[in-house]
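Below: a set of structures, written as structure tokens.
One chain, subunit A, appears in both complexes that follow, with subunit B as partner in the first and subunit C in the second.
Up next is the complex of A and B:
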């Protein structure tokens, strides 16, 4: 538990986030800063835990950039929050679900986030993601596990009218996923 | 692209799924009472129909849930998907009449 209680600065596989000017595609691809992620598995969750709404449609996300919760399946949620809040949030969720069989695991070191924005961001994602990312198929507030190329990702569309996406992948896939997205965005910018 | 209707997520691309073989195979309640032939038949012998087949599928790169599907092995068309533990509303007989 030492590691959990006294978090040290983490070296991220894609380096520290830096904002680069979007290229001709207008798509901004930015590695997310270090963030805490929790995965929650519980069969009969009740309405909410730690003020996070669990009883929501499958494949949707709620919250803001600071703290969000995505329901990925009938009994599975992925939660993101600021790194310093991880222990307190996990403790609150566990307390609210006390008495219910559940699994709450800190996966902050496994997950890497990449933020995508720009009018054509969906086109770059569709270079490797087979989902229908149109307004009807994947509206704002959608979130699901899916594939990008050969890697499994969780794709989140942030609330708001302009397309903003978060791609969550496993750490060992991060360089692949990041490179894939950059190449796809380059292709969008240089297509006819 | 072939779409498969996950009972939890709706229509999703086939590449997110894994097939788990024939569905509705009940494990014998008392395996020790079976002789070798009956046990090997339970373990290894599967139907291989030309036509409608009940299969287990897993939405591996999605919600991660197992479910059942009726698939036509000739056309690769999915007739129906339904949760584990449920029975399909169609069968070889209803489809033959249709």
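Up next is the complex of A and C:
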């Protein structure tokens, strides 16, 4: 009985994602569903762990939407996967990195994801993110830690030609970040 | 008759779209494309405001952002009343409401105009000289009265209902100004395929091309070239063209701030868009092509309505199809006014031109004008004007070979176009920290050496010929884009050149002449001379003393004339006097643009815990702790803070209380060297702490003073679960990372913030174990198996938990760490399970009282950045065997080991009902002479329901030696006697905690 409650009671700070239509700017802002996140810290990682590539350049993301790994620094990765796969994935990574000094910490509940898509999505992000998000500066498959207004975020541009972004922030900043993005979509100014 | 001064054809206005707006309640007709200024002039309205100091009638001087006089309050609806808008840049639209400012009871009859009669009194520095004594009058009399009488316009009182956007943008080439030079630059840069942003503050890009009916570019009329060029730029993917966008700040690293006015030109509610947008552009290269300002001529009564800048007359005629007067006299010392005179004549005005220069210095201008039937008086000065609310005539006089004025002559007129030459707009260049150099030939400061990746082109650089502007722009744009390609434009040659003149020669007594230099601040030539005579020699001092060049127009029209007068008085060269710096913004920017979306909920992130909504719905009041909102106390109906906290405190000691401690900072420290790292950052020893056990840790800054504290659990040999204070979480992580990355890169250890991974439910009180016993799986809760200061992993309500047996209350206590998204469910289940035991939610206030009863310190309350472990009685925590830890060496500093330091003690007031003030000073003898010797201060003070009396903690010099002595503590009325005690007020033996 209690087990059942645990499985159903994960209360996401932005609620469960609803199917929403893009706003007038054509930007769709959608809080992500419950996911697992791991942070991996290791100095000499080798090629991969649990089939996740660890030798890709810094500030890139590999994998697909189901399971992805973003390299945020020389020894730091952020990993996302489906909730039910978290324990198995963590165990496999730990096994593959056995003997190497590393830290693998579950931060599934610390992080909140918000997905953003639409032709003008980068313009909305630029309301609070000072980085150059143009095709050359932040191409598909890019990932970085940066700012959105007054909140720290991780920004990931999903692989693929159409602009799709994942914004990851800490749980208590989610209301601010979500509100900021909605105001930013208005500020894009479709219909001026 | 409406629009009696509108020409029957011509102009860029849309005659198919008539509009009407209000000016001082009167309906004014115009057309789409009009500014408020052009529509007023079309209706023969010149009187547009009263001047700042003397309340003199003022008209419209200019057609652009340099307008100093015609400042209007614009009303776009409730909350949208905005003062000090220049009539020349406010676009007119149907239903707009405008009012003139600075007069009472009306614009036509203004009582304040009495100041004009008293003008001999209101000299430069009048306020500084007059309102010096008595000192007590400063705050109560002088300032309120002066503030009420002075000031431009009225500040809005309602909150701004508009929304404002912020946008960061990157480009390879930013071009500021879309006149001929800027357009050519943008064309050249755009051709390379690089990213180009072209910003222009006008409603329509084009600059001087918008009112040039006679020039040709590459064989085509200027207007046609403009149309084709804009079409080409608009069609390019790599170009962003921003009209109504002012570049107002040039910061480091080519970071340029632009403000885009998105909706002000549209009727309210016509657009779902932000009112304005701040663009923060990071440009690889910048081209500054912001053009130049025309200078007024300084002569007696040069400020009458109807007296405009010469080029502005040309703009109103050609661009707006408005004749500012039927009889227009142009007064000039340069060539450009001749073009304006010809255009005015062509539009049907009766025109005369007066040139200060002698005939041989005037080139072909006079001949061309005379051929067109315009009388030209060369070698003539202007000595005054006639009229009051509108100019009726200009007084001119010939200048003889001896420099003396000949006989005066009145030229009747209803409009004057004056031109004293041109000043390049170099403010952005100056803000970029580039060095200005004085160019004597152009009588102007022009851009010299650059400090950033930018270049100027066209009139902004002192280049006034059309073809030269285009070619300079092209070269600048190509160079900025890294292209070697250049093109050569051909264009109609532009009459250029002027004779610099600071004050027009006059036959009148200069001490009596009111010749205005700065129209906006009512500064006359004699005011500036007076300032120099009184010893103000630096232009920066003259500016502040006379206020010339201040306020909304920032001296766009006046700076060079003022500077020239100062130089003349001091007999120095212009560069010898120098120029004032151009602080941003050069043109007014709304607060809305600067604030952007950072209002209300988006002003700052408000961090809340997973339990927040529950607490709110159960009546909690909240307090701010860093960015967090924490439940402060949970009053029941009728309870105040005092009653609620007393009840909550009792409940914890007698039954069980539940507290949301989720905001505690948490750091997961992992790696083979984790224990060694802990040893170095904390004063405590960590090597021998067994997995599953906890320790209260204290860390210092390098100076030996307490930085932070918190309970740490060893999860495994290579993993520590560290907690920090709520406000210190980020600071502590940064402190640790700093040492790890810069001092100890050899340590194999990694830090991860888990503050928000784990929510923390603190359950405190004798019944705590009984409440959670049925909910916990996989952990033996018996005191033997799970003693105080231990940590176990298991599940609670089926949720994985790191269960800490710790206490910040002195009672049996648990801190239930669960993943954040599950915390609310666990909290509610625990509440349910605790109901039979009278479980009571409590807030931070009760938490503070309970810990003070036990003498537990709070970092930031008992400590203030100058407190050592020994000061608060925690010296025994220092691991003596450790070779080093951060702050260790500082603990041996002479002042740290010296006797007489302040030490933490308890204070027990003689009157048990008296709660001392936190921060109150402690003295030995209240009757000693002032200044008294302060022994220390109260750090924490509360009413303790459990002790049934007040309690206080204090830092007192040599406090531990004074236990038992009576000291005296300041109160709002005097002093209160208090006995020094050990800083523990409840359960001094600490037996309850091990229950």
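The rule is short, and it goes like this: the second predicted complex is superposed on the first by the 180 of 192 C-alpha atoms of A that agree within 3 Å, B and C clash if a C-alpha of one lies under 4 Å from a C-alpha of the other, contacts with A are read in each partner's own complex, and residues count from 1 in each chain.
One rule holds in what follows: a contact is a pair of C-beta atoms (placed from the backbone, for glycine too) under 8 Å apart; a residue touches a chain by one contact, two chains touch by 3 or more.
Small disclaimer: the values here were computed from a predicted structure and weren't measured.
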Inset, instruction - Quick one: classify A:68 as touching subunit B (first), subunit C (second), both or neither. - result: neither
Inset, instruction - Identify the partner contact of A:130: answer first if only subunit B is touched, second if only subunit C is, both if each is, neither if none is. - result: both
Inset, instruction - Check whether A:146 is in contact with subunit B, with subunit C, with both or with neither, and answer first, second, both or neither. - result: first
Inset, instruction - Would you check which partner chain A:165 touches, where first means subunit B only, second means subunit C only, and both and neither mean what they say? - result: neither
Inset, instruction - Look at A:13 in the shared chain and tell me whether it touches subunit B only, subunit C only, both, or neither; answer first, second, both or neither. - result: second
Inset, instruction - Quick one: classify A:39 as touching subunit B (first), subunit C (second), both or neither. - result: second
Legend entry - Larger contact residue set on subunit A - subunit B or subunit C: C
Inset, instruction - Classify the contacts of A:138 with the two partner chains as first (subunit B alone), second (subunit C alone), both, or neither. - result: neither
Inset, instruction - Name the residues of subunit A shared by its contacts with subunit B and its contacts with subunit C. - result: 130-131
Legend entry - Complex interface listing, subunit A residues touching subunit C: 2-6, 9-13, 24, 34, 39, 41, 43, 75, 101-103, 105-110, 123, 126-132, 134, 137, 149-151, 170-173, 175-177, 179-180, 183-184, 186-192
Legend entry - Residue ranges of subunit A in contact with subunit B within the complex: 58-59, 72-74, 76, 130-131, 144-147, 152
Inset, instruction - Spell out the part of subunit B that touches subunit A in their complex, as residue ranges. - result: 1, 8-9, 12-13, 15-16, 61-65
Legend entry - Complex contact set, residues of subunit C against subunit A: 163-170, 195, 262-263, 271-274, 277, 280, 282, 597-598, 601-602, 604-610, 627-628, 668, 670-672, 748, 750, 752-759, 775, 795, 797-799, 819-825, 829
